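In what comes next, chain A is part of two complexes: it sits with chain B in the first one and with chain C in the second one.
This part shows the complex of A and B:
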């Protein structure tokens, strides 16, 4: 018998106890769980629900940057709510934000790094380790950097803000490459350019919908996809019925009724691309009626001389009395607000159009006013240069690739093969790049063409932060924290970039081990902006409080003083829009719009979004083309008839939906479906209208004039049944949606309890 | 006492005017159609909260969707004066619910809080309730629906996953109501306070068109809202005495 002293004996007994315990637990864990059915109708007295843990984070399903609060139970994310403490979302969330859970738990996620093997038809992906993948990419980056050829590396990402943007920037600076591009299909380039021209700053102002009394929207679908839909919806509800004494009025000007158009009190179809001309028509009437009395009145009178209501009515198709009525009420109703964007900004005259909308706000004094347009302070996030890539920047990148100037392309979070028209020949350009690296979480169209895939976490598993653009009139920031542990062998985008930086010897400049560490480093700067009380508590307490609250804010307002550069006035003017293709050959104008369910196509792999009826048509699981009822009748078309839609640059076959609120010479197709890859739910469904867009540009920004493609429409004789949930779309006297007319406005001073409306039925 | 007479006894009790006054809560929802934009955030929020399956394109084509709340759309007028109105439609939790009288097994009944409740493991799938419901808000499980792995990890542990042959519908998020009541009880509070709990649809509504609460609390937001002069109830002429009040859309 071995000689065991007391100490050894106790050790052995202890270890034995642990292993017996572990064995027992393993056995228990491997058992099939017993399933209980617990009806909640009348739960037993002693039944206590499990405990939820809520983590505050930031939504990344669209660029709005809403604060979210994710309910988790036993380490799994169960539900995403809006974070009530976050000023952008205020506890509310849109449908796509709700569906973020299905991005996390998507069955078609990439689960491990992969490498392409074989060429052409026989190409496939084989799984590799992170070390293999990172080494393959890191070594080549290091070689290029050492040879001072780092500018042969391009980095293409989605629009990111905050410290991830800064990380990307320093990474590319280490390589000495200027080719860092943020590309999103729906980025409002023309709006930024118009604000640069008019306000002298390339930022978005805060649109104070909540306090406005009259909103004129020139093409901006602000309740659905434009910039910050949840925040706009909050403002809309508040403006409509949130105030005791007044109900805001909403007017929407667009060729095809959007969700915002349906919510508006008045929907005005203006010829596509003439929204800016209409805005100047209103401006002309305001000045001509003597409703503007600024020192620069003479300059305005000269600049607007050509935009008489008669001339504008002729060009826009909007009657003269509508123009004068809108202009008068825009002056009489204060505060009022004009916004412009969406399709109106995606024409060849996009920047001029949005400058014209800004001018309208200027003339009635809405700038810097509550209920008008409030200029935002400098965002609190790290100072990052502008890397937003317009269509022409993407074409340049593709051209550089074809010229053999690019050795490595890293792609993160964006899917240009899907969201660029084929005229950009981006997929062909990818084939010319020796090493294409994708950091996507899904096998989308672009990732399918990559050589190496280093899959990222979804936003619910990774660290990040966001400083929403536009702010809400004051500085806001939020940290995005992991709410569940990673499901698969994936890594955070920031962590991957930091690892690659280490491999190319940049660890002295970028010494952080991971994104969390880098974030904490960066947020120290924001912590130092705090008051003495915050500083006294130390950084760790500050960091914890930011994570806990899910939002950080500073209530210093932006500057309200604004003086207009006189040169702007002289430059005011909107040229008639240009379209590709002749009117004879292509009688219709194609109006592609962002689908509420899929945004720019990124939501198409979420089964909830596929099964969510389109709000306007109730169609699910497919694409359709919207045609005016009179046009449809003339062409003998009815719902479900398959038509060929041909533009100078391509052709699509899609079923007809007869849409009551679209101009007769306009047809509309939602963007989002028509994926060739992107998982089982998205692949092979519907059509992608981007495929037939002509590469017509807005000259100042190089933005794609995506609403300026002409098409023709040919019935094929084929028919399909459109899958939709809605039945008869007319009320037929059932009085289901009841209406009331607006009664006399009651002053809030007299009696707060009397609502503004008078019931007439 | 026979089963039948006991049932009738209970029935008369529930139908007694003022019956609900004896109890603590009477849950009610109001929907302001002047604020509703038809964005359908409520639909997805409900689907996430209540473990509502995705049925697929073929089933959708047969009209077998499962979403408990839907947005109905009604067009008026013709171009260029076409107007579109949305109305969210879900179980109206009628106090005189036609669906309750028809169920042969008492799977659907009215609880003390004014909720029209469905007992899944009592339901035998006659679908009679769906026929009787004038609002068409009851949804039948034609199949055992499946979640492609790992989507099932999202399922809400507080809500039963319904199997084949079972009728289901909006519960006003009864699991959240029960939880709020538990918390209120543990806190030695007598009642759930206004705004303490909200169903998933109300919670997410970006325009705050939906308001939920206890109409017995006369200080509650929902009580004020349901007494707005714009209030009406859909198909009120059927005397279903529903618990969902709509506020008329304003034409201006």
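This part shows the complex of A and C:
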């Protein structure tokens, strides 16, 4: 036995103890982590652990109203795809729709009702119960109603259709308030007004892209954001590749090449705001060449007299031979179709421009034709009045608030503080309203200014329905059903409104306990339109089958006969566009466009959308300004150079992206980034071009002429690296894009003014 | 020249002893954990006995694990399933009272998962149940266990060290029964 002194012994004991512990922990660390098997307390009937359950519902990420099919497992939504049975989406879905899961699971969701405490800088929100929140709002509503001062209540919502729209309407009728406003930044007010003028009905027709052979698109980015992009994409694919003998041709007319422009056979940059003039130039050529022979030929000849190809070429910057060639092929190709919207509608002459596009369709007989423009029947949903709020309606609301005429403002699903230019002074007006109630699911810029937040479910947790506008030529409807149980202490928007209605003593008129009950009540009317077989099976069977299929349709078509009111022809004419700011001080025209990822900014809190490269520039995360290579070279700018963009109404600092497919005097910034609130993924990224828009209006609708702001560009000397997935846009002798001549000589050189070449730096 | 290592050993002896003590300690600690804190038979929130249910009373496995025949996962019965019988049966036993307290509070029972496969293995109960493979083939003699334990006797009846669910278990059975594509990687790893 070796001789160990006391000191040595203690050392060994210590080391031994520690190592026993270490050995114990080593084994512990090697074990699999403990997992739990949490059973249901009561098992739902349609639940099988490990098996998928699909629910059909309706997408609410944009106003298109696509049908969706959500895969759920163990009560959790896992994947959203298009519902094959729904005529709008037909099994397809866009990226924003796919990312709807991240709205549901978003870590920045509002999880409980809240109330503002404190004033000014020290203001914050404290959590309250639903009873407290609903009582606070309901009591004041009841007081106002009892005092017959219900018109001091305003209700501001995103564009909603179906029974939720009807619910909002009856709610406001109970209060006796006319102030119900549906506000969306990108709502096509001018298109509705143009259709009202031309067709006599304020509805959107069905654009039959699938069966057309030649599509002229005046500014409508129909594959990206315009009205119903998923359905248009289906039509585009069908037109290009779905028919054995025909390949549809697309011509896109716009100052900045959009996704649709990139997919087109021909991209024609016309000067911003002159798209309508170009359309009338085509119309003039059609009439002048004797290709129109209607009884009202004389009226048309008179109305179009000023729009000779030479005059139009002068105004639009599109060469004469392009105008005549387009006009001739528009006549020669049947069916053909002209659509207009987007930036072309967002000018001071927006309505006239879109009337001109309708006129073009009329002259070649596209209206009511397959492959043309099919008039939709009356939507099957509940009859509600039009509450579309244009920019000027919002300014009126803000003005009323400043005058102290509004006591309560309820805001649901829309974010005007972000999507209105600061010139509307909407945030300041909100401060004048004693009680601002937000029903949003997220703390967006508007909700951050609210006094009470009653957070709504996301669309995947709530009941609703939708009757897509435009329909697909026949009546379509779908019920939006909850696909998962609510994740948090939130409630459905309809349920909140019904609860408030009860509290202000309207339960005799609005007796429904919840939205589901109200929906069933409303869909009974649609059930009664059914044939004898449907009626024999009873309402419950009908309801179940609508929920299962995720769509309801009726094959009654809209009217095909169309007679044009002769007064319309005399009124046809497109004035030159007005711009805010002088050309000397502000040499560039700002072209703000809806981001494919974020729509009007609502998608910016979805990380999938943030990390998705922009399809045209491949830039991720931030904002950028697109500048033509020629302009960039003149100003000595290259990619990543920070520039100050100044309009008469504000200034932004943003990096340059050299973009060959934009007119030299136009610069473009995507809308959607630049949030000051709206959660961790949206906040503090990029800039919001709406902030520098001038409040120039289209006079008929009061629509904001959002494409009519002039700006100037000042290099700051600063520089950042744009995060993008694309590398060099040049071939660098690698022969990646191989090309050969068509063997046909394309008429004169520089047919369409701007060559798509990359700049040499 | 005469070289001896003895002086060097004398210097090294305390260090050598330290190393030996540490090594022995590590092994001891490891062994103690493996023996007294086994991961393969954790104590459950309710001392549910498969022996009483599946053994003594011969309740078929699929009576409670109903999902096994149609789903990849066998499923744990909802609390309501337990209560369905125990409103009448053995109501006075302390463990059943514990069960009823979960039921009355509408709380799920947080069972601890014992039989587990890594996430990269795609195992489906449905196929195996429909092929009439006895549950005990993999899960061992569950009907004899008071507390569920990963059985080391599961494979070929012979004792094994450690967790028996290695790839060899799947492969040997698939080979033996000549399963179509049974040893293809993508059959399980997809």
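One rule holds in what follows: the second predicted complex is superposed on the first by the 680 of 761 C-alpha atoms of A that agree within 3 Å, B and C clash if a C-alpha of one lies under 4 Å from a C-alpha of the other, contacts with A are read in each partner's own complex, and residues count from 1 in each chain.
Convention: a residue touches a chain if its C-beta (ideal position, glycine included) is under 8 Å from a C-beta of that chain, and two chains touch if they have at least 3 such contacts.
What you see is a predicted model; the values in this text were computed from it and never measured.
In the superposition on chain A, contact is made by A:8 with chain C only, not with chain B. Put simply, more of the residues of chain A are touched by B, taking chain B and chain C as the two choices. By the document's definition of touching, of the two partners only chain B reaches A:630; chain C does not. Of the two partner chains placed by superposition, only chain B is touched by A:241; chain C is not. Contacts of A:51 after superposition: chain C is touched, whereas chain B is not reached.
When the two complexes are laid over each other on chain A, chain A has residues 37-43, 48-50 in contact with both chain B and chain C.
Against chain A, the residues of chain C that register as touching in their complex are 13-14, 17-18, 21-34, 37, 39, 42, 67, 70-73, 75-81, 102-103, 106-113, 116, 125. Across the complex, chain B is touched by residues 37-43, 48-50, 73-74, 76-82, 91-99, 101-102, 104-107, 223-224, 229-230, 233-234, 236-238, 240-242, 247, 249, 257, 259-260, 262-263, 265, 267-269, 487, 596, 607-613, 615-616, 618, 620-622, 628-630, 660-664, 680, 721, 723, 725-726, 729-731, 734, 736-742, 755, 757-759, 761 of chain A. Interface residues of chain B facing chain A in the complex, by the touch rule stated above, are 32-35, 37-41, 43-45, 47-49, 54-57, 60-61, 63, 65, 67, 70-80, 82-87, 111, 117-121, 148-151, 153-160, 174-175, 178-179, 182, 200, 203-209, 228-230, 232, 234-235, 246-252. Put simply, chain A touches chain C in their complex at residues 2, 8, 11-12, 15-28, 31-32, 34-43, 48-51.
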